[in-house]
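These notes concern the structure reproduced below.
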Amino acid sequence: MRREGEFRNPSGCAIAAEISREGRRFSAEKIIESMIPMHDRSNGLGGGFAGYGIYPKYKDFYAFHLFYDHRHIKKEVEEYLKERYEIVLSEEIPTRKIPEITDEPIIWRYFLAPLKSVLRSAQLDEKEFTARVVMHINTHMKGAYVFSSGKNMGAFKAVGFPEDVGRFYMLDEYLGYAWTSHGRYPTNTPGWWGGSHPFGLLDFTVVHNGEISSYDANRRFIEMFGYKCTLQTDTEVMAYIADFLLRREGLSPKEMAEIIAAPFWSTIEKKSEEDKARLTYFRTIYSSLLMTGPFSIVVGFNGGLMALNDRLKLRSMVAAEKDDMVYIASEETAIRIMSPEVDRIWSPAGGEPAIVNVKEGAY
Amino acid sequence: MKRVYVHEEWCLGCHLCEYNCAFANSGLSDMVKALKNQKITPRIHVEEGGKIHYAVSCRHCEDPMCIKGCISGAMTKDKDGTVTINHDKCVGCLSCMLLCPYGCITTDENETVLKCELCLKNSCGAPACVQGCPNRAIVYEEAEV
Amino acid sequence: MMKYVIIGNGPAAVSCIDGIRSVDKNSSINVISKEAHPAYFRPLISYYLEGKSKAENIYCRDEDFYEKNGCETVIGEATALDQDNKTVTLKSGDSIVYDKLCICTGSSPFVPPMKGLETVENQYTFLTIDDSFAIEKAITKDSRVLIIGAGLIGLKCAEGLRDRVQSVTVCDLAPRVLSSILDDECAAIVQKHLEDCGISFSLSDTAERFEGNLAFMKNGGAIPFDVLVPALGVRPNIGFFKEAGGECGRAIVVDNAMQTSIENVYAAGDCVEQYDISFGEKRIMALLPNANIGGYTAGVNMAGGETSFDNAVPMNSIGFWGLHMMTAGTYANDGGARMIEEKGENFVKRFFIKDNKLIGFIIIGDVKSAGIYTNLVRNQTDLSELDFDSLIKNPNLLPFSEKNRRKTLGGVV
Amino acid sequence: MAINFLLPEFEVERSDYRCIRCRVCERQCANQVHRYDPDADVMLSDETKCVDCQRCVCLCPTHALKIKKNEAAFRTNANWKQNTILEIYKQANTGGVLLSSMGNPEPFPVYWDKILINASQVTNPSIDPLREPMETRVFLGKKPHEIERDENGAIKTELPPQIELELPVMFSAMSYGSISYNAHKSLATAAEALGICYNTGEGGLHEDFYRYGKNTIVQVASGRFGVYKDYLEAGAAIEIKMGQGAKPGIGGHLPGAKVGEDISKTRMIPEGSDAISPAPHHDIYSIEDLRQLVFSLKEATEYQKPVIVKVAAVHNIAAIASGIARSGADIIAIDGFRGGTGAAPTRIRDNVGIPIELALAAVDKRLRDEGIRQNVSLVVGGSVRSASDIVKAIALGADACYIATSALLALGCHLCRTCQSGKCNWGIATQDPELVKRLNPETGKERLVNLLTAWKHEIKEMMGLMGINSIEALRGNRLMLRGVGLNEKELEILGISHAGE
């Protein structure tokens, strides 16, 4: 059987997210629990979480999470990193031995500061530089896989049900102002740790439920810009697109939503002149980034998150508010676990993003 | 009313309209059986000379001279405006032929007076000449007055 | 509300009713009819005899026409017209008031005094359906019929009777048949055809006196007969109008609106003479299309509408046993008209042209699409607008300009 | 005349029972195959003149006619096939280059037919085009993506000039001259009704058709026929024709006999003169010369019109396209070796060029590899025959397709492939007024609109079953394709997997 990444791998899933607009930090306990009633949306072949604001002590350093298949490659990668970064901390990510999670690879994390001299000679800003380093390791260094690379945030994932993955990584002991989580139902893989969600690049992470029919159009477009889709999953391509649009093109999350879940022409017709011009512009130049087919995603980034459905809303997704908290999930039941009482609960319309920003300065 | 109009610029002079007309008015269901070895007497006819071709059939005039001149009351305009001929009344005097400014009234070998009566009953929706015209030179439509 | 009165009940009268009702749906219409029949097509009387028309098929309109159009029909004959009091007096003595009057009295047979005519038992004029019924009763398979007059009425009567009697003989003082319509040469063709069909002629000759069933001819012969049909002509029924001071020539003079010289009085049909555009003078054109158009025109104008009948020409389409002839307009060789002839084995066409306009034609035999010629006569078309030489040979729309055809075939006409 | 050794290619089979002697066949055959003999009351045929255009068959009201391949045959020989022998006879008879028209009829592989389309099942819903919006609008032109904002942070939305199409199809270049006025009018009016473009070809733009400018692509070919400022400004885009799939490397030739008053005026050449396009543009002997012409045309039209560069699919098409993508051109049109023509030397039509499917796949990949795919839109033609061919082309990476033969078929063409004779019985490839009038442009327009409306429905159906509701999500989406019966190399070039993978 071929390994994940060598073939297109669509999957169905469960997603959930919670965020404090005040930037209050809380543990992943609730979100882990919230995945339990959505157990049947996963099949045990992948689960994961992303937490934002979890490394306040190292918030100025790129936190790389890696899977290694073996020691040799770990050494090779560390050599490679050392040439480019000051490694502030290198440690095994603490895990809890539980019978539900087995066959784990070597799971390591590094806190990194890019070497100024290297940046200068590469003539790149540090984010672009770091993104390329991630791409290089994931593409060219067989047996190593960077699954988290942002600052003051981290993704944690494994083969297993998400509630087990959360316990495995002891996420109840981390505090973050935002959490996203994912339970996976892949239809085409024996399960590979790297293939689980969230998927991220730098501080952008994506948890995703759905199967985008535009995958190869999106992939082949984004690959023109130096991204290499090694996993052939929707989530991966979405994460790269998020990185491309939000970081490289400097667009806002709302603008990103207008591109990947662009309104229909018939809807654009009815907009104001200014909106019409912008939306037409987006649909012209970023036409290859339109995503069709069912999806519900939560894109996490430093300081906020965006939940978005495909423009036909072919996947369920519910949002709710309670005080400073905002909750997102595939099913309302998951939200009720995180917060039995809510002030408002709604189902965002297809293509209408729900964007939550943490108060400026609070993260 | 909907009428048959002929657009000379599109008429190819193929004469299919004449055969389709003769067939539609033959009362038979097979064209070969209807027209084989027959001298046809269609109610539409193609006039041509050099590179000009066009078909002519009853215009179903607003104020038809054929009716004015009919000595037997055989020629009448029905509710739709179609000018029809009642063969029980017609005595074959040909006054209608004398009066039709378009030369659209003809007779068959038995001297029965024939004219286009819009063969709508036997050709579904549009007259046979219109349906069979390969170049839409003959159309059946509401007039652009 | 107006009071319309129509005297007469033929095609002109019913067309007049149509004309009135196209404008005025409500006012009363009185029709004074001499015959007890609804209006019928007079030319059918010969076809009735011939068996081509059934008695029930001769009427101009449906049975309920008068009722539907709110007409009251009075059987009677007008004898006087009082233009000051606007009344018409009938033979019965009744008088009828009108606001607008239309005279459609048609014509009556003219039989000149002939010696011994009163001794002829079976003699019938031939102008009404009642005449046909009477003749039908009088004839047997063995009857010999003598018709005086080789005009249209006489010949049509001959056609109607041929198959029902032993023999039909037609005599006429004129040297040719249809002398008022045809020239010598054309008449000869027609006569020959009629003779081939079994009609006997005695032309340039006529009955001078009668003794019972024997007619003594001017040229000395004698013709025995069983039934006599004098068909010497008709006279318009205009006596009461003339007496009222209305302007008459040989018939009631009308203008293009079909109005007579008397205010509020109109006339149409066989009893009028009007302007013949092909001839350039007023004359009687006692023909069905003219009666229809004239009657309708009169009706519209009576009811306050405005229309005119300004292109009247005489026209005839006659056929005898397969030989058709058509004429229209004026076709005398005099008056500066030029004749163009087109002749073939079975046909003769003669066209009369004056001032570069077709003023009339005679066609014997090949009458196909002759209406195209008639139209030229009625519209006084300038012949330089088309290729007349080719039109003579083949009446179709090709000799006209494309623009003309586009208008004709591509639009409402 | 000495015997010419030729056999009639076709046989006219007439059912004498069915024939009612209406003589429609006789009147409608410009090749004078049919003739009525009044003495014998019989219809006769001269089969040597028949080109199998099927006009008589279609118009025969009693279906008395069949045109069949002549069964008379030379002795079977797998090497010296009958046609090969006949061609030798023809050349021995005349000493001339063999001429043909329309596209390459030889049995080369048709890759469209070896590619299959995916459909959604279970994990992903198909979308019902009858119930949900399904978008087929595309923009052709450069797609730069440097986002600029104004002082208020609003995005500046100025774009280089684009062609907007309601579906990713255009009628490709056919000149007035090679086809008739009525054929052009049909294409122009249909393009207008459909919200797409047609292409003037190299014959200039008839004055009557300037009004369809919004839906017109004006072509500048090596002969420069009919090219002047108003012409360049008339259309929605300007196409520089470097090559044509049916005859890569050679120019066009419109015989003087077809250059009547109207064509002479439109092409701006003397009446009756042969219109011969040189093989190359004599001002373009290199890629840098092309760049100059691209910018000359842009200068002339004040950068308001996208410039298309049309090339034939030849061996190193990927490299050529890469060069064009860097030349300033906005759109590259590639014409495959099966593309049609009004006249081409047979040997060239049948032996030069490469399949459009492979060319497209190679070019799209190359431009992406070089990161310059956004510099240009990609339009492909050369035998795009159906909605599924279009879907496959878009999925392989095309922005839009050019169709011409399909359009002509809709207008009545029966692919008899004798356009060069000028006696097109269907009124398409002819300038004879009597034949031209056989194509009523009202009917022509309606048939073209019908065809593309049907294709649009089918495209939407296919998009829907793939779970795609906008055509841009299909573009370059090669995962939606699988090959069958293709070898590794072919699959590699096409960039698709084999069915079952």
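Going by the order they are written in, the chains are A, B, C and D; count residues from 1 in each one.
As a convention for this text, a residue touches a chain if its C-beta (ideal position, glycine included) is under 8 Å from a C-beta of that chain, and two chains touch if they have at least 3 such contacts.
Remember, it's a predicted structure, so these values are computed and weren't measured experimentally.
Chain nearest the geometric middle of the protein is D, using mean C-alpha positions. Chain pair with the larger contact count among B-D and B-C is B-C, by C-beta pairs in contact. Rounded to whole angstrom units, the spacing between the C-alpha centres of chain B and chain D is 42. In whole angstrom, the spacing between the mean C-alpha positions of chain B and chain C is 29.
For this pair, chain A with chain B, the centres built from the Cα atoms lie 77 Å apart. Mean C-alpha positions place chain A and chain D at a centre distance of 47 Å. Contact annotation for chain pairs lists A-D, B-C, B-D, with touch applied as defined. By the touch criterion stated above, chain D contacts chain A in their complex at residues 120, 122-125, 127, 132-133, 135, 137-139, 143-145, 147, 154-155, 157, 159, 162, 368, 371, 373-374, 397, 466-470, 472-480, 501.
Against chain D, in their complex, chain B makes its touches with residues 9-10, 12-16, 18-20, 23, 31-32, 35-38, 51, 132, 134-137. The touching residues of chain B, when paired with chain C in their complex, are 3, 5-8, 47-49, 52, 54, 56, 59, 61-62, 65, 68-73, 88-89, 91-103, 105-106, 111, 143-145. Residues 41, 43-44, 47, 52-54, 57-61, 288-289, 292-293, 315-319, 322, 324, 326, 328, 367-372, 374-375, 390, 395-398, 402, 405-406, 408-413 of chain C touch chain B in their complex.
Per the touch definition, chain A reaches chain D in the complex via residues 7-8, 10-12, 187, 210-211, 213-218, 220-221, 223-225, 249-251, 255, 262, 264-266, 274, 277-278, 280-281, 283-288, 290-294, 311-312, 314.
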